[in-house]
C-alpha cells in the first residue's frame, strides 16, 4: 500500500475528493496546513507596519491506496487539483508497511 | 377692591410667565403651567434620545448577525461595511437626507428645506436636533440591511457609494411620503391615512427591497448554486449571530417605543406588543423549521425572532397584545417559507435572509397593521396599506436596481473570483479576522 | 362680589380638571396638579420600561455566559435554549403566569384574575402593560437560570416543556407570595414583612433551586466524574463568557433600580449599592480563588461578580453602601466555596455555577437584606427572611424535581450518550456553531 | 372680605407647601411648584443614572476592544484586568477618589471631605449617590485605558496596584482641578474657564498619558521590534474588537450627553455632535489609511471612530454640528499618524492604540473645544485650553511614570519571557480562553 | 523505528494515550483531522438546504516506537480504540529512517 | 528524497524556517499539533478542580528535501530549534518514493 499526501488549494478539495472516489477510493483524511513553495506569501500592512504572510493556508489530503491503484490515483488528483497557476500544490508518495481496521482487526488491503 | 382682585388674578394667570419658574421667584399658575411643559419637554427629549441610542446600538446587532451568519474569511469586510454605512450614511443624512425627508414639501414627494441641519442653525430649536438624532439612526438601519444580502462578494468601494445614495436619497424620499409631517414635511401617503408607526415599510421593506435589487444584480456567491441546486454555506459563528439578534431585539424597543418621540404612556402597549411578537416569531419559525427539516433550526429561529419584530413594527401602537402574538407568529412562519423560496426558487443568494426578514415581513407587518387595527378595519384602511406596500416596492426596487447596475457598469460591483475564494478580508482590507485560529478546509470552498 | 370671587376660586381649584392641561386652555391650579401627575406618570412609565428593556438585555448576557462557559459543540443548543425560554416563557407568562402572580388573590397563595392580560383588555389602563413588561423579563430571568446548570446534556424538547412550566406556574406562584400586592394580589409572605426588593429569592433562588433539581435529576455530563473524582471541562470562550457577565451587570441596573417602577430618587442608592456589591463580589472571589488555587481564577471571579449582584438584589434599597460592599464581598467568597462544594462534595454537575450564584447567593442576599437593614435589625425581621428563604426552597425544589422526573419518565430528559459525545448541536439542531474552525481533540472527550 | 381674599391668596401661594402635593390634598400654586421641582429632579436622577449605566457598559466595550486587538493567548488576562480595574477602582473611588475630586477644596488642588461617601451618610441627600454613580464610571474609564497599552506583558498583581492608584489618586486629583465645582469642590483650572465638558482631557488624556508612561516603563512585547524595526502582531478577533467599538460608541452617548447630569434639552446637541464626530472620525481614518496603506485598514478605522468620539468629548456641548464633523474628521486623521509615530518612531509598543486614541486625540479634542467654541474664540480661551492640556500631561505622565517604576523595582512590572511567550493566560490564570480551538503557529511567536 | 498513525474517535483519545503509555511509550503527537471511510458523513439541513457533512472530525495520533515494540503498540491502540462501531478508525504503519532529539542531538532509539 | 518531520516549539518556527531556506529549501508545510514526550504537561485548576494539561501545543514542520541535502537540513533545524530546554522537540526522517508538482506534472527532485 502507498500513502499519497497531496497538498492542494482549499477550493479544490471537493473536486479532488470526487476524483478519488471515482477511482474507487473509499476513505481519506484531510488536514488544514499552512505552507509555501514556489508560491511565496504576500505583504500586508497591519496598523502601518508591513509584514509578510509567509505561510498560506492549504489543505493536505492523506489517502492510503493499494499499490496497484497508485498511478491512477495520482493522475486523478493531479487532474482535479490543477488550475495551472502557481500554488497548485504538490503530491508526495510514501510506502505503508501495514494497515489495520480498528473495528474488525482486519489488516492489509482489506482494511482500507 | 374688585379691580384689585381681578388684577391679582390676572397677574396670576397671565402676566406671570414673565416671572417664570426659576430660582426663588414667587410661583404662579401660569408659571407653573410653563414649568410643567418644560419638564414634560425634558422628558420627551430624554426618551427620544435614549431610544435613539438604543436604535444606534442596533448597528452592533446588524454587524454581529451578518458577521456570524457569513464565513470567517469575510468577517472584517462585513464589519467595515456596517461601520461605514452608519458613518457615511449619517453624514449623507445630515447633508441632504433629512432635508428631503422632513423639509417643507410643496408636492408631497420630497422636502426641499433644511439641508445640513440648517434649521437648527437658524432657529436654535433643540428639538430639531433631538428629532434628527432619532431619524438618523433609522436611516442607518435601512441602509445597513443591504450589507447582509450582498455579503461575501461586494466590492467595498461600491458598497460605500450605495450607502450614501440610500441614506441620502432613496430612503429619505420614500420616508417623506409616509412620515414627512412628523416634522415640517407633508407626504402624499400619510395624507391617505397610511399606518406605519415605526417603519415596517418605511425602514425595513425599503432596506429589504434594496437588498433584493442588490442581490439580483450582483448574483450569487461562487459555489452557492451548483447545477442549479442551492448549496449550504454555513455562517462562521452562530454565537456571534445570536448575540446580534439579542442586541437587535434590545434596540428594537427603542425603535418601536421610541417612535412616540414623547415620554407618554403609549409606550407601554408598544413595548408589550414588541415583546410578544418577537417571542411568537421565534416560536413560529422554530415550529415550522422543526416540521419541515426534522430539527429546530437555529438560524431560522433567529430569523423568526427578527421577523416577528419587523412584523410588529408598523402596528405596534395600534393593535392589541393578542394580535401582536398572531402577527409575530405568522411573521415567523412566513420568514421560513420566504427564505426557502428566495433561495431555492428565485435562486437569489441572500446569505443572512435580509430580504425575507426585512422586505417580506416588512410588507406583512404593514398589511397586518391594517388588518388587526384595534380601532377596526375597513377596506379603505387595507387598501391604503397595500398602496403603501406597493409604493415602497415600486420606488425602491427600480431605483436601487439602476443604482447597482450603474455601479456595476462603472467601477464594478463585485470582487474578483480569486478574491472571493480567498476571502474579502485579505483582498479588500489586507487583514484576517482571526489570525490565531486555523480555518476549516470545507469552509473555504 | 364675594360670590363671584368664590366662584372663580372654585372653578380654579376644583372644576378645572375638566379643562385640563392641554393645548392653550387657561391653566389652573387643579389642572396643573393633574398635569404634574401626568408628567410624573410619564416619567414612571419611561423608567419602568427602560429598566425592563435593560433586564430583557440580560437574556443576551445569560446566553453568552452559558455559551462561553460550555463547550463549542453545544453552543447552538445553549443559545436556542436561552432564546426559547424567553420566547415561550413570555407567552406562558402572558397567558397564565401574570395572573397567578399578580391577579386578585383571595388566599394569599396565588392570583386568579387577569389571564391573557385581560385586565388591560378590560380597563385599558396602560400601567397594566408597563408593569407586565417589567415583570415578564423577571420571569424570563428566573427561567433562564436553569439552562446553564443543565447544559450540554438536556433534550431540547424537554427543556421547552420545563420552560413553560417554570414561567407559567412555579415562578409566578412563589412570586405571588412575596410580590403580589405590587399589583392586584396579596401574598402571605409579604404580609409578614418579607424584604426582597428586587428578587434575590423571588427570582434568583427560585431559578437556582430549580436548577439544582434539574441538575440532580439529569445527572452529570459524561466524563465529569471519573471514579468519583470531579474532572475539569473548560468552557470554550472565556471572552464570550466575560462579555455575558458585563451585559448582565449592565442589565442588573435595570433589574434593581428599575424595581422602584417609579422615577424617583430612591434609584440612586440602589444603583450605588448594586455597583459596590458587584465590585466587591468580583474582588472577594478573586482573592479567595487566588489563595485556594494559587492563581486568580477568571471563571470564579466572573461568578463572583454575579454573586455580588445576586447578593445585593434583595437589600439594594434598604442597606447602606458600606453594607453593600460587605454583602458583595461575602457573596464573592461564598460562591467559590459553594461551587466547590456542589461540584466536588455533592457531585452535582453545574457547568456554569448557576446553583451557587443564583440559589446559594440568592439565599445569602435575602438573609443579608435583613441583617444589614439600614432601619435596624430585629429577630423578627431575620426570622421572616429565613422563612422566605425556606419557603422558596420548599416550594421550588420539590415541584421542579417532580417536573423533571415526570419529563424524564415520559419523553426523556437526557440526550443519548452518542449525541452528548458528538455535541448537542449536531444531534438536536443539525448545525455546528463554528464550522470554519477546527475543534480541539481534548475538548470533545 | 378683602382680608379673607388676601388670606386665601396667601395660603394658596405660600403657606401650602405644608400641605404639599401628595395624595388627595387640595393642590396649591406653591405646592404645585414644589411638585414640579420634584418631578424635574426625578427626571434628572433618571437621566443621570441611565447615562451612568451606559458609561458602565463601556467597560464591556474596552474589554472587547482590548481582547480582540491582542492575541488569543492573553485574552483571559485582558478580561481580568478590565474586570478588576472597574472592581478595585470603584472601591478606591468610593474610599478616597471621590473625596479628593469633589470634596471641599480649600486650595483648588484637591478635596478633603467626603471619604467613604460620608456625605451621604451625613445628609442622606440622594443626589450625592446619583452624582457618585455617574462619576465612578468615569473614573473606571480613565483607569481602564491603560490596560490596552500595557497588554500581553504586564504582571496581573502589578496592574491591580496601578489600578487602585489611578482611580484613587491620579485621576481624582486632576479631576478636582477641572470639575471639582460640579459638587463641593473648586478647582484652579475650572476657575480659569477651562472647557472640558465630558472629559477629553480629564478622562481620556489622563488615561492616555498614564498609558504612555506604562508602555514606556514596561517596554515592548517580545518580538515587537526586531533590529529596530516594528513588527506586526495582529489581534486575534477583529469581530470582537469591532463589537467593543460599537459598545463604546453606544456608551459614549451616556458619557457625553449624560454629563449634563440633568434631563434637559441640551442633550440633543450633544448627542448629535457625538454622532457626527464618531462618523467623521471613522471616515477620516479610513480615507487616510486607504491612501497610506493602499487598503482601507479596519483596525485604524475602528480607532478612528473612537478618536472622533474622544475628540468631541470636550466640546460636545459648545460647538455646532458642522464643527463636530470637522473635529471628528481631524481626530480620525490624527489618530492614524499618531499610531504610526508612536509605534515606529517613538518605538513605544501600544497594542491597541490607546495612547493615540485617548492621549493624543484627547488633547486635540480639548484644543478643538476652544477653537470651535460656538460662542466665539479668543486667545485667552485657547490659552486656557492649552494650559489644561499641558497640566494634564505634566501631572499624569510623571506621577504614573514614577508609579510604574516603583512597581517595577519592587514586585516587578513584567511577566517572565517564558510566560509571555506561552501567553499570560496560562502563566497568570492557569486557563486558556479558547480551549476548544487550535491556535495558529504564527500567532504565538 | 516505526511510525504508527492511528485515526480514531475523539473520545477514545484518553484511553489510547493511557494504553500506549502502559506499553512504555513516552511520547506522542496528536492532530485534529477530518476524514471518512466506511463511515460516511450525514445529511444536514442548513436554512432549508440539504447538505452532506462529508468529513467527520477525527483525531490522528502519531507515535514513533522502536520496531520491537510495534506489535505490542498496535494491539494496545486497537484494544483501546475499539467500540465495535463503524468509524472506529484505522491504523497505518510507516518506516522511520532516523530520529533525532533536538535538545541533546541524540539519535536513534535513544532519542525517543 | 526524504521527508523531515520536525516537531518544535512555536516561537522557533521563524528561525527554523530561515535556517531551512538558507540551505536552499524552497518549500515547507507546517501543522499545528499537540504532543508530549519527555516534557510532560502541567497541572492547572479549573473552577477548583485540578486537571492535567497533557498535551502541549507544538508546531510540526514537514519538509521534503533531496536525499543529498538531508544531513545539512537536519543540522540546520537542530541548530535553529535548540534552546537546550526540555520540550525542544524531535526530528523524524522518512523515505519519499515519489514527488509530483501538480501544476506542471514534473516529478522527482525537479518537482520540489
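Think of it as A, B, C, D, E and F in the order they're written, each chain with its own count starting at 1.
The rule is simple: a residue touches a chain if its C-beta (ideal position, glycine included) is under 8 Å from a C-beta of that chain, and two chains touch if they have at least 3 such contacts.
Treat the numbers as computed from the prediction; the structure is a model and nothing was measured.
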item: More contacts between chains, C-F or C-E; value: C-F
item: Classification of the chain B:chain D interface as same or different, half of numbers criterion; value: different
item: Geometric centre distance via CA averages, chain E-chain B, whole Å; value: 53
item: Computed distance of Cα centres, chain F from chain D, in Å; value: 47
item: For chain C, residues contacting two or more additional chains; value: 1, 5, 29, 32, 36, 39, 43, 46, 50, 234, 237, 243, 293-295, 297, 299, 430-431, 434, 437-442
item: Multi-chain contact sites of chain A, meaning residues that touch two or more partners; value: 30-32, 34, 44-46, 54-55, 94-95
item: Pairwise chain contacts under the document criterion; value: A-B, A-D, A-E, A-F, B-C, B-D, B-E, C-D, C-E, C-F, D-F, E-F
item: Residue ranges of chain F in contact with chain C within the complex; value: 34, 44-51, 54-55
item: Chain E-facing residues of chain A, complex; value: 3, 17, 26-31, 62, 64, 94-103, 105, 111-112
item: Sites on chain C touched by chain D in the complex; value: 1-2, 5, 9, 13, 29-30, 32-33, 36, 39-40, 43, 46-47, 50, 54, 71-73, 234-239, 242-243, 245-247, 249-250, 253-254, 257, 263-269, 271-272, 275-276, 278-280, 282-283, 286, 293-299, 301-302, 305, 320-322, 325, 434, 437-440, 442-443
item: Chain C to chain E touching residues, read off their complex; value: 223, 421, 426, 430-431, 438-442, 444-445
item: In the complex with chain C, residue positions of chain E that touch it; value: 10-11, 13-14, 30, 32, 44-46, 57, 59
